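Two complexes are shown next, each including chain A; its partner changes from chain B in the first to chain C in the second.
And then the complex of A and B:
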C-alpha cells in the first residue's frame, strides 16, 4: 500500500504543514535582506492577530454546524469589543472577558431570534446585526465615555511565559529558556523554528492559551458527545433529528448563542489585550476573516486555527514591516506557494487553476525581482488578497454542512 | 383586506418598536426623549435642513438600488462600498484630465464611474461563477482591498500637483472643470418654495436618482431580464430548467449592481469637484440597510432613504441643543433595520399561511362541486 498523507493523525499532519511552512520561510529569508520572517516578534504578532480571527471562525463553526449562516460575527465581535472594554474598566480584566462574551451572546441571541424563530434570511439578519452593533457601541461610548469611538485604558488579564521552553518562572524560580538557547546557536532552520515557537510561548496572553485549548475542546464537544452529534444533525438533516425527538430549535439557539459568545470573546481580546482600549473600527473585519478561516478550515476546529494563523501571520508581519522588506520577501513566498498550487492543480488536471496559479505566481516573482521593497498599501492589502486566493483555489473542494442556510420549521421536514 | 393590512402593519410595528427602544436608550442615560425628538423634528422643518436631507438621501437611494439589484436574485453584493469608492476615484481622475463641452463631459464621467463600478463588482461575479467563491466574503474582502489598497495607492499616484506648498487638506485629484460638474437644482426647488439660504444647494443627482429608481422598476417588472432575475432569486433550479443561464445572470446582476454603485460617488463629485482626500465612507453599508428596510421596492427604498437621511441630518442639531447624544440617530437606524427585517419575516409567514389556507379551502369547494 502506498503511504498517504491522509493516513497521518490530523494533529501530526498540521505539525508537518507548519514545519514545511517554516522551512519555506527560512529558505526565502536566507536569500532576502530581511530577518523578520522568522523573528520572535513576528510569531507573537501572528498569534495576537490570529486569536480573534480564530475565535470568530470557531463561533462560525458552531453556528454553521447547526445550519445557521452567521455573517453577523463581525457585529458580535464589535459588541464583544465594547462590552469587554466596559467590563474591564468597571470590574477588572477577567470580568471584562466574561462581560464581553455576554455582549457577543446578546448579538447571537438576536441572530437566533431572527433566523430560527422568525426565519429571516440568515445573511439579511447577519447584515442587520453588523449595522446595528457599531451603532449600539457608538451610542454607548458617547454616553459612557464621552466619545463615540474611544474608551479609557482597560485592564488586561496578564501574560504567561511557558517554563523551560520559554523561560517562565515556577513559584518564583526562573526556569531555563531552552528555545532562546537554541535560537542563539544560529543553526539554519532549527534556530528559526525555535524563534517562531518561542514567540508563541513567551508573554502569551491567557486568552490566547484559552483559545488554543478550545481546539481540542471543540473537537471533543462537537464530535465526541451526544450534544455535538445533535448539534451537527441540525446542520445536516434537521428533519431526521426531529424524528428522533431532538428539539432542533433549542439546539440551533444554543449553537448561535455559543457562536456569539466566542465572537464576543474575540472582540474582548481585541480591546483589552491588543489595543488596551475600545476603539471603533478596530475590529478590522476580523469577524469576516474568521468566516474565511472557517471555509479554509473546512468547518473543522484545527483547520480554522490553521487558517487563522495563516491570515494572522500576514497581518502580523505587515504590522512590524515599516520599510517593506519583509512584505517584499513575502512576494517570493507567495510565488513559491503559487507554484505549489499550480503543481497540485496540474496533477489533478485542473487546467484553469493551473493557468491562474502560474500567472499569479509569475507576476509575484516578477515583482519580487524588479523591486527592492513594496509600498505600504500593498502590505495592507496582502492579507485580504491571500484570503481571496485561498478561497479561489480551495473553495470548491470543501464540504459545508448540508442544510446550511435553509429555513427549518418544526413538523415540516 | 388582511393582505394589505399586513403590508402596512410590518413597517408600522417596526417603527413603533424603534421609537420605544430609542426612547428607553435616551431615558437610560438621563436624556429627555420628548425634547430630543422635538429638537430633531423642529430642525427638520427648516427648508435648509430639508435640502440637506435630500442631498443625503440621494446617495443612500442609489446605494440601495445597487444592493437591491443583487438582493432580488438572492445575490448579496456587500461590496457596494468598495465599488463606489473605486469608481468615484477613477471618474474624478479622468474627469479632471479631460475637457469637453458640458453635457458630454458629465456623460463621460458618469460612464467611467459606471464602467469601473461594474468591473469591480464583476470581479466578485467571476469569482462566484468560475470558482464558487461566496460573494458575501469576496465582496467584503474586495472592500478592504479597495479602501486599504487601491485608494491608498492611486490617491498617492494621482494627487493633484500643487507645487511644494500643498498640505494634506488640499490633496485629492485634479479639480474638474465646471463643464464636468452636474449643476445644482436650487432653481427647480425654488419654483415651489422660498429661496434657499445658508448657501445650501440641492444636488442635481437627485433627478438622476429618481430616474434610476424608475428604470429599476421598469427593468425588474417589465422586461424579460427582470423576470429572469427575479425567477433566479425565487427558485434558481426552476429558472435554470426554464432556460435562464444561472452563471450569466449572476454576472449580469453583479455588474449592473456595480454600475449603479458607481453613481453614488457622483453626488460628492458634483459637490466638491474632485476626489477629496477624505471621501464620505460607509454609504455602501447604509445603502444595504436602506434596501432591506425598503424591501427592494423602488418606492419603499425612497421612503427608507429619506428616513435614514432625516435621522442623520436632523440629529446634527442635538450637538448644539444638548438634548441628547446625536448618536441616538444611528441607534434608531440600526434598530429600525433589525425590527423591520424581523417584521417582514413575520408578515411573510402569515401571508403564506393565509394563502395555503385559501388554496386548501378552494380545493375543498372544487372537490365538493365535482362528483367523483
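And then the complex of A and C:
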C-alpha cells in the first residue's frame, strides 16, 4: 500500500508541516542577508500577534458554524479591549479578562438580536458593530479616564517559562534551558528550529496558553457533544434541526454570543497583555484578519490556529524589521511557495491556476532579485494577499457551512 | 379497536385560500393509508398539521383515541408520529449517524455524544425493519433512495409508530420505488401505521390498504383498496379525465437542427461529467433524455446552452459551429432554454413579469436593442405571452414570486417559445406544477414541435418522457448507453436502463 500523508495522525502531520516550513525559512535565510526569519524574538512576536487573531477567528468559527456571518468580530474585539482594560484597572488582571469577554459578548448579543431576531443582513449588522464599537469605547474612555484615546496602565496576568525546554523555574529551582543550549550550537536548521520553538515557550502569557488549549476544547465541544451537533445543524440545515424539535434560534444566539466572548478575550489580550493599556486603534484590524484566518483554516480550529500563526509571523516579522531585509527575504519564501502551488495545480491539470501561480512566483522572484529591501506597506499587505491567494487556488477545497448567511425563519422549512 | 389517527373537521385558512376545508380522516392501526390529490389539494398542509408544524384553525385530532393538540413537531414525535418530508431534512455534510441522532442524541456525562450507543441502537432499528445503510457515510455521498432510507430510519430511531411519508416516490426511479414499497410492507408487518401522500395512482393501488382523496381542500372520498380502478381515482382527484402527454403524429423531418459530436464536459474535479456525447436532433423532433439525476444531464444541458466549457467535441446549430459561442450568441442564434430550477435560473422572483419576460432576449427586438431596453415593446410582448400561454395574473407588473408555480412555468415557456427558436432545451419542464398547467405546457411543446422546433427534453417523469418524445436516449454515468423507441418502452423498462440493471440482465 502506498504511504499517504492522510494516514498520519493529525498532530504528527502538523508537526511535519511546521518542520518543513522552518526548513524553507532556514534555506532562504542562508542565501539572504537577514537572520530574523528564525530568531527567538520572531516566533515570540508571531505568537503575540497570532493569539488575538486566533481568538477572533475561533469566535468566527462558532458564529459561522451556526450559520451567522460575523464580520463584526473587529468591533467585538475592540469592545473586549476596552472592557478588558477597564476591568483590569478596576478589579485586577484575571477579572479584566472576564470583563473583556463580557464586553465582547455584549457585541455578540447585539449582532444576534439584529441577525437572528430581526433578520438584518449579516454583513450590514457586522459593519454597524464595527463602526459602533470604536465610537462607544472612545466615549467611555472620555467619561471614565478623561482621555478619549488612552487609559492608565493595566494589570497583567503574568507569563510563564516552560521548565527544561526554556529554562522555567519549578518551586523556585531554575531548570536548565535546553533549547537555548541547542540554539547556541549554531547547527544549520537544528539551531534555527530550536530558536523558533524557544520563542513560543519562553515568557509565554497565560492567555496564550489558554488560547492554545481552546483548539482541542473546541474540537471536543463542536464535534463531540450534543451542543456541538445542534450548533452545526444551525449552519448546515436549520430546517432539519427544527423538524426534530431543536430550538434553532436559541442555539444561534448562544453561538454568536460565544463568538463575541472569544473576540472579546482577544481584545482584552491586546490591551492588558500586549500594550498594557487601552489605546484606540490598537486592534489594528486583527478582528478582520481573524475572519481571514477562519476562511484560511477551512472553518476548523486547527486550521484557524495555523492561519493565525502564519499571519502572526508576517506581522511579527515586520515589527522588528526596520531595514526591510527580512520582509525582502519573505519574497523568496513566497516565490518558493508559489512554485509549490504551481506544481500542485499542474499535477491537477488546472491550467489557469498553474499559469497564475507561475506568473506571481516569477514576479516575487524578480522583485527579490532587483530590490534589496521592500517597503513596510508590503508586509502589512502580505497577510491579505495570502488569503486572496488561498481563496484563488484552494477555494474548491474549502467548505463553508452550507446554510451560512441565509435568513432563518421559524416554520418555513 | 381505536384508530391510530382520527381527524375531524380540520380547517386551515391562509390569506386568500382555504387549504383544508372540513377534512375528515381516519387511519386504522397497522394499515398503509394513501392520501391522493392534485397539487394544491391540501395534502401537505394536512400532514403539516398532523405533524405539529402548523396549527389547524378548527377541528380536532385524536391519536390512538386521545385528543391531542400539537404546538411543535416535538409534541407529535412524543405521540409516536414521525414524518419523512418530500424535501429531505438532512444535512449534506453531516454523517448518517449524526443526522439520525439529531434532536434525540444519547449523551454521556458532560453532554458528550455517545456515538457507540447511538450506532448500536441505529443498527438495531435498521435490522428490525430490514433497512440497510452505512452509518458513517456523509449524506452528500448517498443516492436519493438511500437518503430516503436514512429519513425513515431517523423517524423509527425515535420510536415512531405512525409514519407520515410526503410524496416519497416523487424523487425515486421505479426500482427504488419497488425497494421502498418492500420496506413499507416490512414496516407494516412490524406493526407500523403508514400514512403516505402520492398522486401516482398505480403506486397507490399497488401498496395502499385504504385511500383518501382530497380535492380543493375537501375530503372527497375514503375507500378500501378493493376493486378500485385508477380511472375512478383519477376522476375523483380532478373531477374529470386526467390529461395524458401523448404526442400524435410524427413530425420529425430530415433537417438537422442540433448536432453534438464527441462532446465531453469535465466537472470541477476534472472528471468527465458527460463523455463523448453524439447527438442529433432534427427539426420537429423531441429527443428525451432519461437518467437518474446526476448522471450527466446537467452537464449536457450546460454544454448546449453554453454555461459549461466543452473540453472536446463540437456542437452545431443548423450547420454552424457554436462550440465556442457565448450563451448570448447561442440564444440569439436560436437556442431557447427552460431551466430545471425556475426559481434559481428561470426568473428574477422580485422583478415584475415584463422584465422577466425580457430576460435572455433583452438584446433583441421588441424587448430592446444592444444597449437600451424597450419598455413599451417588452410590455406589449409580455401581454401577448400572457394571452397566448394563459398566464394567470392580475397584470404584468406584479412580481414573479406572486405567481403560482404553474403560471411561472407558463411564463417561462411563453418567453422561450415566443422568440421562435430552432432548438428548445427543456429541463424538467413540468416539475412541481399542477395537472392543469402540466397539460398546458405539454400542449405548447407539441404545438411548437409541429412547427419544426427541435427539442431536447430532460425529465424525471417517465410518463412524460415516453409520451412526448420521438426518441428516448438513456444517460448513465455521463454516457449515452441506450437509444429506445417510446412506442415500445414502458416506464419499468426505462427504469431498468437508467439504473443499469438492464445491462446486467443482458450480460447474465
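By our rule, the second predicted complex is superposed on the first by the 412 of 413 C-alpha atoms of A that agree within 3 Å, B and C clash if a C-alpha of one lies under 4 Å from a C-alpha of the other, contacts with A are read in each partner's own complex, and residues count from 1 in each chain.
Rule of thumb we're sticking to: a residue touches a chain if its C-beta (ideal position, glycine included) is under 8 Å from a C-beta of that chain, and two chains touch if they have at least 3 such contacts.
A quick note: this is a predicted structure, and the numbers were derived from the prediction, not measured.
Legend: residue contacts after superposition of the two complexes on their common chain; A:184 is shown touching neither chain B nor chain C. A count of residues in chain A touched by chain B and by chain C gives the higher number to B. Contacts of A:349 after superposition on the shared chain: chain C is touched, whereas chain B is not.
In the superposed model, A:225 lies in contact with chain C only, and not with chain B. In the superposed pair of complexes, A:245 makes contact with chain C only, with no contact to chain B. By the document's definition of touching, of the two partners only chain B reaches A:113; chain C does not. In the superposition on chain A, A:295 contacts chain B only, with no contact to chain C.
In the superposition on chain A, A:132 makes contact with chain B only, not with chain C.
Residues 396 of chain A contact both chain B in one complex and chain C in the other. Residue ranges on chain A touching chain B, taken from their complex, read 71, 110, 113-114, 118-120, 123-125, 127-136, 138-139, 141-143, 148, 285, 288, 291-292, 295, 352, 375-378, 380-381, 384-385, 387-388, 391-393, 395-396. Residues of chain A touching chain C in their complex: 220, 224-227, 229-230, 232-233, 236-237, 239-246, 348-350, 396, 399, 401-402, 411, 413. Those residues of chain B that touch chain A in the shared complex are 25, 29, 76, 78, 127, 130-134, 136-138, 140-142, 144-145, 148-150, 152-153, 156, 285, 288-289, 292, 325, 327-328, 330-331, 333-335, 337-338, 341-342, 344-346, 349.
Those residues of chain C that touch chain A in the complex are listed here as 53-54, 72-74, 77, 83, 85, 89-94, 98-99, 101-105, 107, 110-113, 268, 270.
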